[in-house]
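There are structures below to look over.
What follows is chain A paired twice: with chain B in the first complex and chain C in the second.
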Partner chain A sequence: MKGRLAALLVSAAVSFSANGAEPDPLESPLWDYMRTQFIGDDAYVFDDRVKVGLPEFAEDPTQVPIMVDASALSGNIKQIITWADLNPIQHIFTYYPHPEIVPRISLRIKVQQGTAVRAAVQTKDGVWHMGGSYLDAAGGGCTAPSAANSDPYWESHLGEMKSRFFAKEEGGRYKFKVIHPMDTGLVNAIPEFYIQQVAVRNQQGESLARLELSQPVSENPVITFDVRDKNQKHSVWLRDNSGNEFGRDL
Partner chain B sequence: MFNKKALTLSLLLSVNTAAVAAPLTYDLKPQKIAENTWVLKGALEDFSRKNGGNIVNTGFVVTEEGVLVIDTGPSLKYGEEMKAAIAEITDKPIKYVLNTHSHPDHFLGNQAFSNSDILALPKTNEQLALHGDAFAGNMYRLVGDWMRSTEVKLPTQDLKVDKLKLGSHQFSLMSFTGHTGSDLVVYDRKTGVLFASDMVFFQRALTTPHTPGLDVWFKEIEKLEAIDYKVIVPGHGPVSKDKDSLKQMKRYLLWLDETLIDAAQKGLSMTEVIRIPINEVFPDIKLTRHEFIRTVAHLYPLYEDKYF
Partner chain C sequence: MKRFALSALVTAMTVAGAAQAGVTDKDILNDQMSTGDVLTNGMGLRAQRYSPMDKINTKTVKDMRPVWAFSFGGEKQRGQESQPMVKDGVMYVTASYSRVFAVDTKTGDELWEYNARLPDGIMPCCDVINRGVALYDDLVIFGTLDAKLVALNNKTGKVVWKKTVEDYKAGYSITAAPIVVKGKVITGVSGGEFGIVGKVEAYDAKTGKLAWTRPTVEGHMGYIWKDGKKMENGISGGEAGKTWPGDLWKSGGAATWLGGTYDPDVDLLFFGTGNPAPWNSHLRPGDNLFSSSRLGIDPDTGKIAWHFQTTPHDGWDYDGVNELISFDYKANGKTVKAAATADRNGFMYVLNRENGDFIRGFPFVDKISWAKGLDAKTGRPIYDDANRPGNPADSKDGKKGKSVLAIPSFLGGKNWMPMAYSQDTELFYVPSNEWSMDIWNEPTAYKKGAAYLGAGFTIKALKDEYIGVLRAMDPKTGKEVWRFNNYAPLWGGVLATKGNLVFFGTPEGYLRGLNAKTGEVEYEFNTGSGIVGSPITWEENGEQFLSVVSGWGGAVPLWGGEVAKRVKHLNQGGTVWTFKLPK
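Let's turn to the complex of A and B:
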């Protein structure tokens, strides 16, 4: 008994030093497992500068607003991976922001139950900076049929986009909305059908931000992101898992 | 050593059992607010396992020809306790039961009144048929054992008249839409009591999951202001004799509308909007923060759509 305990302590000590990290502040049962899935054995730290903004509870589990703000690490970011520990499909999006883009993004997601929602920000030195918040929810968001499923509106409007630029004191903000069912594939007889790729480009066609979306992003996604240069013109391009491509000047 | 532990354990168990075994009761106490007219006042809270869903004002009017009941509360238990409370005041039969709208705290006590005619506006009946079971299920989740044996008992009839005479009481039945798309307001011409249902919340933040629009609601509050009532019973909040509750409603609706327009024009995301300070703006209203978060979820996408 004593021997086993000692072995356990040693292995715990080893794993702590390998990661250089404290226990999960959100005390999620799936923290270790999900972390390994997304960042493997990489070094990580919990970092208050990575903010995951959520309401305290999900009024509508099919449309939960989330804002990931890593602007404190601006210019030093390789990628941002977000996930919800207890969703049946955990991955929400992976974001690759160019330094021209403020690494702050808002959209809405589906949740299946109360869950920790994470943002893992990898800086150029390879270290992951972990942020997260807990969301309380009655649940069912991922296995509810999309509204599109009972309303044929989307069929003739698929990929239609609205967008607007909002000038701010420094830089500006884009908000756009695209008509898409974003079906998770978890509802009986409704195959998965969702936007997988989003890219924001400048006038020269350079990609300034790349987003890889997963099924938990809400139906008819509304995405908000901030740019530094308000005088640049930008466009957005999207592709779904059926190969449909949509684009628009912002 | 072992025995001591067992003794402590059994003591703990017996204390626990006693606590659990205490019967749940709403302890409803009808308050007389006018001649022949009583109100059962709910807490200015959100649904919880502590209040059993009793956050609502229900009422009844005792006439020579029988009793008119206005809303039946959140559960079978509430309905039964309400019926018993009425029986302590009168032995007249319960002639009509009205469900003012389709929200769960106003109709889930219907089961207790299965011998009476239960009436609601036609659109309310449609909404209840569609969403009633989902509402009931959610109430089991929110308040637990208080809901025991509660099932959806739909109204028995569509309310198609705008006047109802019972004994010496003439009731005007007014159809509004601001809160749920189908909201019944009852005005007793004899006593001047206006049962405003959830068209009016007073000192408790209004809820918006099914409103057709804050502007629609605002205009209908102006219509209520034109009524020369003596007493107003809001769906949630204290009974009063003046127009303060309507003034508060207008101020709150206007603030919500203007705040959401301003946020949409600035391009705020939903996450940013829910952080806009509100408690400070309405220190006299309970649950503003909680309900504002809900309202943003219900309505902000529509405001965003307008300002793309």
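Let's turn to the complex of A and C:
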């Protein structure tokens, strides 16, 4: 209720850039700073319709499942930016969903300590709709070496993907996993090495969704997303910061 | 936060650098005489490593001093064999472990860096080194230890394209700087100790599309791509089995691990090839083409125009990879289109670069034991059969052949470190080493990804006082004009300038400037770690700059036998030093 009310207020006030009016519901010390980094001085509202699902406690700080759901704003979305305020590298991903894709996505991330995890959804009118949750964590996930660093398995299997499709009453859900160390560059003597770009394409080769990932996405990423047309076939294309490209029909 | 700072910086650079232009083929061809930049490995595609600048000269050099030093950082300090490049106020320099740095030439500030994520399974034989980048358009192109070619955007350091040249698990790697000729980036491969098959490949520099591939072992098919279609382009050497027995050509080595040079007058690439595999020569009777050779290759098609084999049927690991430097000289009123190379085997060769014909050859080291000399007409070595390691099959248990003392050692009278040619003195300045080895042969068999030598060895110094000798050699007479002796073996490149100076570095850490005519020491500065890189010089805002990379490493401390004792106290570094005269 509170979010919707704020949204109403702001949509009335947006023309004169009513930002910074509300305090951060997660009371993060870095809220103002991080917000400026990611959305600048743009107008924003806290909006309950933008959901960030997190476990109660990050059991494994290198593999924390998060779910971002902006389906209530479906069809009206320009982009979704997610970040974790207190991670050494804050940006997690930026998502550009096509209307044929349900703007709901799950993946796993690394966290360095307990932190607010945010999703900022920019609608076509330019306003940012802020959602977020607090993640409790013991920490250390970003500066621990990837498991790949002690096991050469990845060297022979880099970019290998597994995927599954789950038909639903309306549309369907893809879940795919790709082998990649996703090294953050924060561990001594291990250069950053991570998937930066993900694109989902339909049979005609049109891009339905574009995802820009950053280092906090977990090793061997598992990404789940929903499509509206379960009869369409889809493929996925990935590229890492080292220029390696991987593709697969889902 | 770094990403935001970086993108802000890049925006600022783009705005400030409106006058910047991409590197063109014309720029590359002019690099030999252009002073405002360094666009090619070798300071010109002929690789003469000569600069027409003379502000730093025998009179002024004593005042030369460092203006900045740039550390490669982290723990990856060792083995810095790179030659930096300079374009529009930015230095592009590689470091060990397949890293590239862009540095502001005015301040020494880092603009970006690229770190290849290398698999643990890489197999570089001779340290984790890299020798430099190629520049083309807005791309910075280099080869990695896992045998890939990577093209980075010159403003951001982000990957534009990346191609797998070969399978690192079979022993392939890339350490040499690629060169760009007529819009194609041309590279060789390393891995001669693992029974790989050497090759030269050309890729479209802007897109990374493969244009042609030329194997350097007789019997292997070359290919060319026309309109995206792969077409057969002739078997190297015509057919298999002419100079190799049985199937040994299938793992014949001849690695093109030091890259190549190019001369536009005759429109040929010059690539050298490494040892035939395995080292045990009794397993492969014959000349073993095209191992231990220099090849003239058509840059448009990848066809071999000519070859000159310095060590046919090599039995001492005398790779023929050392750079072939094009130069002209006058004889009997005529201009001779020549090219010179100082080989691992201790002989220096002057060839006709139009057709590969032998003009003359002569030793550039004090002693050679494996050959009695060169055939005056053909340049083919006259072997001393007593100094070829014995056949293990002749021994009682068949496990170890007779050991011989061979001079030079397998690390060569001269190794990879490039010499320079001065257009003023018409002399070659050759970084050389005086050492020997005990070498013996053993049985061996090829296994993918495993060392394929069939030999044991240990290196020894010939003299207590010195191993390294920088020599001024006259290519017309074969005479040594002067020499500078150095205690540790020399392992870095040489630069000659119009200022009558010859610059080079030593493992002891000194950057030295010698008088090009007399060899007198005019300058020295201790960079803090051993120099195994190649110096460059360029001009900016009317001032002459000189840079060299310091950072001890390379093959000597890994393979150096008894010589390792001479160098084990040398400390690691990993720093670019830049010098100029005071204003």
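Points worth noting:
Following the convention adopted for this analysis, the second predicted complex is superposed on the first by the 230 of 250 C-alpha atoms of A that agree within 3 Å, B and C clash if a C-alpha of one lies under 4 Å from a C-alpha of the other, contacts with A are read in each partner's own complex, and residues count from 1 in each chain.
In this text, a contact is a pair of C-beta atoms (placed from the backbone, for glycine too) under 8 Å apart; a residue touches a chain by one contact, two chains touch by 3 or more.
These numbers come from a predicted model, not from an experiment.
Aligning the two structures on chain A places chain B and chain C side by side, free of any clash. When the two complexes are overlaid on their common chain A, residue A:G126 makes contact with neither chain B nor chain C. Look at A:G205: by the touch rule set out above, it reaches neither chain B nor chain C. After overlaying the two complexes on the shared chain, residue contacts for A:G40 are found with neither chain B nor chain C.
Of the two partner chains placed by superposition, only chain C is touched by A:P181; chain B is not.
When the two structures are aligned on the shared chain, A:R173 is found in touch with chain B, with no touch to chain C.
Between chain B and chain C, the shortest distance over C-alpha atoms in the superposed arrangement works out to 24 Å.
No residue of chain A lies in contact with both chain B in one complex and chain C in the other. Against chain A, in their complex, chain B makes its touches with residues 138, 141, 266-267, 269-272, 274-275, 293-294, 297-298, 301, 304-305, 307-308. By the touch rule above, chain A contacts chain C in their complex via residues 37, 89-91, 152, 154-155, 181, 183, 185, 188-193, 214, 241-244. In the complex of the two chains, the chain A residues touching chain B come out as 53-57, 59-60, 63, 65-67, 106, 108, 138, 162-164, 166, 173, 175, 177, 222, 224. Of all residues in chain C, those touching chain A in their complex are 1-4, 74-76, 99, 115-117, 119-121, 150, 158-162.
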